[in-house]
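Multiple structures follow.
Consider the two complexes below, in which chain A is the common component and chain B and chain C are the respective partners.
Right, the complex of A and B next:
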């Protein structure tokens, strides 16, 4: 059962990076929109450390506006970036748009 | 010139000085570093987004024999349940920034696979060193 649906606005959790991650630094603390649901799979935090039968979670494709990711983005306003996260990295976006980390 | 001769070892040390990060001698001594430096050091090596880029080499690369063998070996190890691609990526990060950015793409795979096999007790380091010597002698004999 997926916690989020296509169209939901989500904010990526800003946990400290250590050793290995699939959650890019430039997405942390940023808000995007879920554009696709992906099947459950073992989370990278387990797979990367040898727990091949570890915790399984839904994954989500999230779309960001490039201008929300890069304060000095030089491209056009409609440019977007899509990338995938397991469910534990997502939080519902607060009602007011979160300010960028700058 | 081999590194087992004194002059060979001296030239190896000079080469290490030239290739290792210039700051590493200074960084060994302080018992405390700044929070800013700690965060920079702990940043995950393969998370490159936003870092300065350089000119891209867009020429097509024809895989060398050793590169194909490395890829096949990594896939066979996965097929036999010894590791998965995500673990390989983590182990590439574990090689550290100097090796990660200083060696060819498939050398990272090869080093990650080697350490994994030793970590998991599937081979021992002395077995590996003896085999490397055996191959070196064979190649030198063939040359």
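Right, the complex of A and C next:
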């Protein structure tokens, strides 16, 4: 059961990356939109240590406006970036757009 | 010792020699390979055959998929809906041991269709994930921090360094393959290719057009030879 749906605005949580993660530093605290629900699989934080029966959860494709990812993005306003996250890394974006992390 | 007579400099320098010490990963690879052979996991010949095959896989699988998508709209829709299943129709099986990865490494392929509104480009900032069953071995620049760190941050500048300028009214969409999904760009079919056979179409679908750092050009095929000016010989 997926917690988020396509079209939801989500903010990437800044969880402590104990030993291994695939959630990029440049996405922490940033807000994007879920554009696809991805299949469920073992989270990389467990799989990297050979725990193939580890925690499974849904994954999501999130699209960011580059202007929201980088404080001084010099490209074009319509440029975007997409990447995937497991559910634990996402939280609903606050109603009002939050300022990007510095 | 080279002298000034050998290559036209007006200075001399020491001969260029390979470094004496192997880096850590070279030692590790050698140790694991020799131990595996000693334990009978595979033979030296198995390993040589694998490396020989792997080094020549190349990009033709990807070119075949793109050419088929260009001529067959129904195939294109299947490709965009389920990349792995569509590849299997053309004999490229992501889920069987092909030597280029295991099912736990990648079981999903998303083909990113370029349109007049969107230009896609692929990267793996974390390491160098690449659609190897379709494109073979990744180029050295794709694996370097220089590309991986900068294309997510300054994509248009990096594309310009490859000679690719995307107009300002076209969205540049970067795909960072940080999980199990692998990506490949489906370039737009250039004008002037009407009536071309799939084989002829394949000739203009080069590796870099499927990574997203280049656009197909009807005057540049995979057998074109760069001249001093960069024009086909």
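In the analysis below, the second predicted complex is superposed on the first by the 99 of 102 C-alpha atoms of A that agree within 3 Å, B and C clash if a C-alpha of one lies under 4 Å from a C-alpha of the other, contacts with A are read in each partner's own complex, and residues count from 1 in each chain.
Keep in mind that, in the parts below, a residue touches a chain if its C-beta (ideal position, glycine included) is under 8 Å from a C-beta of that chain, and two chains touch if they have at least 3 such contacts.
Everything numeric in this text was worked out from a predicted model, so none of it was measured.
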When both partners are placed on the shared chain, which of chain B and chain C touches more of chain A: C
Touched partner set for A:74, first chain B, second chain C, both or neither: second
Touched partner set for A:38, first chain B, second chain C, both or neither: second
Partner chain(s) touched by A:82 [first = chain B, second = chain C, both, neither]: second
Partner chain in contact with A:19 - chain B first, chain C second, else both or neither: first
Partner chain in contact with A:52 - chain B first, chain C second, else both or neither: both
Chain B and chain C contact sites that coincide on chain A, given as residue numbers: 22, 24, 26, 44, 47, 52, 70
Chain C residues within the chain A interface of the complex: 104, 108, 125-126, 152-157, 168-169, 171-181
Contact footprint of chain B on chain A as seen in their complex: 16-22, 24-26, 44, 47-50, 52, 70
In the complex, chain A residues that touch chain C: 22-24, 26, 38-39, 41, 44, 47, 52, 59, 63, 66, 69-70, 74-76, 78-84, 86
Chain A-touching residues of chain B, taken from the complex the two chains share: 42-44, 46-47, 49-50, 81, 83-84, 86-87, 89-90, 93-94
